[in-house]
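Heads up, the next two complexes both have subunit A, just with different partners, subunit B and then subunit C.
Presenting the complex of A and B:
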C-alpha cells in the first residue's frame, strides 16, 4: 500500500522562547497509508488537535517535515499549502464551524465555491452528498435549526463535497448523542471503503475499534502505534 | 489646473497609489532584512505579511500601469482647452518642466513595473515562495520611483493651466533636421527608413532566436536599445511627413492623433523594446532554486516570443501605412 502521509520528527511549540512556552507536539514520526483509517487517541491536552492541524496544513510545524504522497509539503508556501488543502483535504471540526446564516445545502456547497463550480452544479453536488448522509430533507433548513448530529453530518458532507483524498476529523462524535454517534460512525465506515485516508482524533471506543492504525499521544509524544488488520 | 474627468481620475488613482506604496514600504523592508536571520515561526509571520504586501504592490503597480493610457488620453482631451495647442505637443509645452520628464517616466517605469509583476508571477507559480526576498528588495528599491511617478502625475494635474503655447509646427519643423538630406548619395529619409527596417527585423529575428539560443540574448538587447533612437528619428523624420502627406511636418503627436493605428505600433514597439530588458530582470532575480529556474526559463521564452511578435507586428503596421501612403 502506498504511503499517503509521512511525518518526520514533527514538533510544534507554541509561544516559543516565552515564559508560557508549550510543546504541543514533540518529535512525532509516523506513516499513514493510502486507505488507512487512522485514529489519534490520548487524553485531553495530549496534542491530538495540534497534530491534526499540522497534518491538515493549518499550522506550520516548529520543526520536522510532512510528506503527502512523497512530496514534502511542509516546506511549501502558505499559498501552496492552501491549494493542497483545497484539493486534497477535507476537515471536520469538533465544533462543526458551519455558517448559521446559510442553509444546509449552501454550507455543504461552500468548498465548491473555491473550485469555481457554477451555482446550479454546486447545488446538485451538495444535494448528492446530503442524500448519501441522509440529510436530503434538511437541505433548505438554516443550520442553526438542525440538531447536533445533523450539523455534524452537514460538516462531514462539506468535507467530502470536493472528493478529497484525505479526511481529517477532530472528535466527530464528542458532542453528539449515542445514536448520532453511530450514524456518524456508519458514514465514516463508508468513507473507509471508498479508499480515502481517514484520520480521526477521538476517545470513542466504537470508532477506535474500526481503525486500521492507532496512534496514541501523551504530552505531545507518540507512545504507541498499533496497526490492525482490517 | 484644468479639471476634467480624466484629471480627477489621475489625481485620485495617483493619490491612492502613493498612499498604498508608502504604506507597505516598512513591511517590505522588514521582510527583506529579516528573512535570512528569522527562525521558522518568524518566517511564517513574515510570509503572512508578504501576502498582504504582495497584494498591495500588485494593486499599486496595476494602478500605475492603468494610468499610462489614461494619462495620454486625458492630455489629448485637453488639446482644445489650451490656447495655441494643435496636438499633444502644445499640451506638453503648457508645463514643459514636468511633462517632458514625465513622458520619459511613462515609457521607462512600466518596464520596471512589468518586471516586478512578472517576477511575482514566477514566484506564485513556485511552491515555496523562493523569490519573496528578491521581490521585497526589488520593491524597496523601486518604491522611490513609484512615489516619484505618482507625485509627478499629481503635480502635473494640479499645475497644468490653459496658458498660451506655440503650435508644434512652429517648434519642431524649424531649424536644421537631425538627419542630413543626402547620406552617402542616398536620400536621408530612405537611408533612415532602411536602418529602421533593418533594426526592426534584426530585433524580431534575434528575439525569436533567443528562444533557442541563450547567447543571442545580449545581441537582442542591443538591438532593442538601438531601436529606441532609430524609432524616434524615423517617426519624426520619415513616418510623420510620409504618412500624413505633409513633407515638412515632423510632429509625432500629430501622427499618433491623425493615424491612430500608429498608437498600436508605438505600444507594440514598447513591448518589443521592454521585453528583452525584463528578461534580464527575471534572469538576475528570478532564479532562486531549481523550481524557479525552470519557471523563469519558460517565462523568459514567453517574453522573447512577445518581443519577437511585437516587433514583427509593429513593423508590419508601418509597412501597411507606408504602402497606403504611397498608393
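Presenting the complex of A and C:
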C-alpha cells in the first residue's frame, strides 16, 4: 500500500520563547497508508488536536517535516497549503466550526464556493451528503437551531462534500449521543471502503475497534503505534 | 466558468450582510447620515459655484473702481482716456450701480450701456422671458426671478422704485432673469446706465465702475497692472480674480464647506473604520474556518471587498438620495443659513443645487474607501494568520 502521509520528527511548540511555552507535539514520526483508518488516541491534552492541525496544514510545525504522497508539503507556502486543503483534505472539527449565518445545506456546501460550483448544483451535492447522514429534513434550518449531533453530522457532510482523499476528524463522536455516534461510525466505515485516508482522534472504543492503525500519544510523544489487520 | 466563483463569493457576501443585521444597520445608518450632510453641502456648494462661474462670465475683463478711505466712491470718467491709452484696450465703458431698500429687502440696481457693452452669448441662458436691454431703451428694466415673484412682476409690467429722496421712478419690465443666475441676479434690477445715473443722482462725468475690455484676453493681467500704475488708488479686478473671489466665498474652497468636509470626512473614516474593523474573535474565527475549508487569502479578501462595496454603495446611495431631498425639497435648513448668511437681508430664493458627476463619484469614494480599508486590513491580517490560530480567535 502507498504511503499517503509521512510525519518525520514532527514537533510543535506554542508560544515559543515565552514564559507560557508549551510543546504540544514532540518529535513524532509516523506513516499513514493510502486507505488507512487511523485513530489517534490519548488522554486530553496529549496533543491529538495539534497533530491533526499539523496534518491538516492548519498550523506549521516548529520542527520536522510532513509528506503527502512523497512530497514535503510542510515547506510549501500558505497559498499552496490552502490549495492542498481545498483539493485533498476534509476536516471535521470537534467544535463543528459551522458558520451561523448560513443554513444547514449552505454550511455543507461552503467548500464548493471556491470550486466554481453554481448554487443549484451546490445545493444538490450538499443534499446528497445530508441525505447520507440523515439530515435531509434539516436542510433549511439555521445551524444554531440544530442539536449538537446534527451539527456534528453537518460538519462531517461539509468535510466530505468535495470528495477529499484525506479526512481528518477531531473526536467526531465526543459530544453526540449513542445513536448519532453509531450513525457517524457507519459513515466513517463507508468512507474507509471508498479507499480514503481517515485520521480520527478519539477516545471512542467503537471507533478504535474499526481502525487499521492506532497512534497513541502521551504529552505530545508517540508512545505506541499498532497496526491491525483489516 | 471562472465567473461562477466570484458569483459564489457575492452570494456569501450578501448573505453575511443580511445575517449580521445590527452591524449592517449601524454601518449603513452612520454612513448614510454622514453622506447626507456631505452630499447636501457638496450639492449646495456645487450650485453656488456654478452660479458664481456663470456670474463671472458676465463680468468685464477688468473692472476699475475707485476707493477713498477704504470705501468705494464714484470714479471719474476722465480715467477712461487714461485707460484707453494703454495698448491692448478695446474699450472702456461706464457702469453705475447701487443698492436700494424696498419692503425691508435690499436690491441692486445695475446700470449698463447696452450700446457699448459686449453681450456674451451666455446671456440667452440668463433671460427666461422677455429680452435683453437695447440701445434705444429708456426707463425699462430686467429683473431677477425672485424679485419678479416678490413684486408679482412679469414682462410689460411697471416696477416703481423709490430713490434715497423717496422720489418714485417707473420702469417697464422687459425681461426676467433665469434661476441659473440667481446668485448674481436674484436681487438684481438691470437698467440702462443713464436711468441708473438719474436714479442715484450721479452726474454724467462719474460712474461706479469702469468696465475695461481687452482685445487680447491673455493680456488682461498686464493691462490690469498698467491701470494700477496709471491710476493710483484704483481697485482693479480682473474677471479671473472676481471668479476666484466668488468661488472661494461660495464654492468648495469656502471656509464653511472645507470645515464641514474635513469634519465629516474624518467622521466617515472613523465610523467606517470602527465598524468595519471591529473584528471580533468571531470574525477572525470565520476567516480561519474558511481557510481550513480551502478558501485562499485572496478569496477571503474578495468576499470582504464585496461586502464593503455593497455596504458602501448602499449607504452612499441612500445618503445622496437624502441629501437631494434635504436640499431640493426641504431647502437645506441649517446648512443654507451657514452658506447663504449674507442673503439674510436679500430677497429669499431657493438654494442653487448642482448634483455633478464629480461630486457623486467623490461621495461614493468617501463611503466606500474607508470601509474597504477598514474591512480589508483586518481580514488580510487574519487571512495571513495560520488557520489554527485564527480559529482560536487569535
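General remarks:
Methods note: the second predicted complex is superposed on the first by the 230 of 230 C-alpha atoms of A that agree within 3 Å, B and C clash if a C-alpha of one lies under 4 Å from a C-alpha of the other, contacts with A are read in each partner's own complex, and residues count from 1 in each chain.
Definition applied: a contact is a pair of C-beta atoms (placed from the backbone, for glycine too) under 8 Å apart; a residue touches a chain by one contact, two chains touch by 3 or more.
No experiment lies behind these values; they were computed from the predicted model shown.
Of the two partner chains placed by the overlay, only subunit B lies in contact with A:75; subunit C stays clear of it.
Contact with subunit C, but none with subunit B, is seen for A:110 once the two complexes are overlaid on the shared chain.
Touch criterion met: A:158 reaches subunit C, while subunit B stays clear of it.
In the superposed pair of complexes, A:140 makes contact with neither subunit B nor subunit C. In the superposed model, A:102 makes contact with subunit C only, not with subunit B.
Of the two partner chains placed by the overlay, neither subunit B nor subunit C lies in contact with A:120. Between subunit B and subunit C, more residues of subunit A are touched by C. In the superposed pair of complexes, A:18 makes contact with neither subunit B nor subunit C. Once the two complexes are overlaid on the shared chain, A:60 sits against subunit B and subunit C alike.
In the superposed model, A:179 makes contact with neither subunit B nor subunit C. Within subunit A, the residues touched by subunit B in the first complex and by subunit C in the second are 60, 78-79. Within the complex, the subunit B residues that touch subunit A are 39-41, 44, 47-48, 51, 124, 126-129.
Residues of subunit A touching subunit B in their complex: 16, 60-63, 75-80. Residues of subunit C touching subunit A in their complex: 1-2, 4-5, 7-9, 11-12, 15-16, 19-20, 285-286, 289-297, 299, 384, 386-389, 391.
Against subunit C, in their complex, subunit A makes its touches with residues 53, 56, 58-60, 78-79, 82-83, 85-87, 91, 93, 97, 99-102, 106, 110-119, 122, 158, 162.
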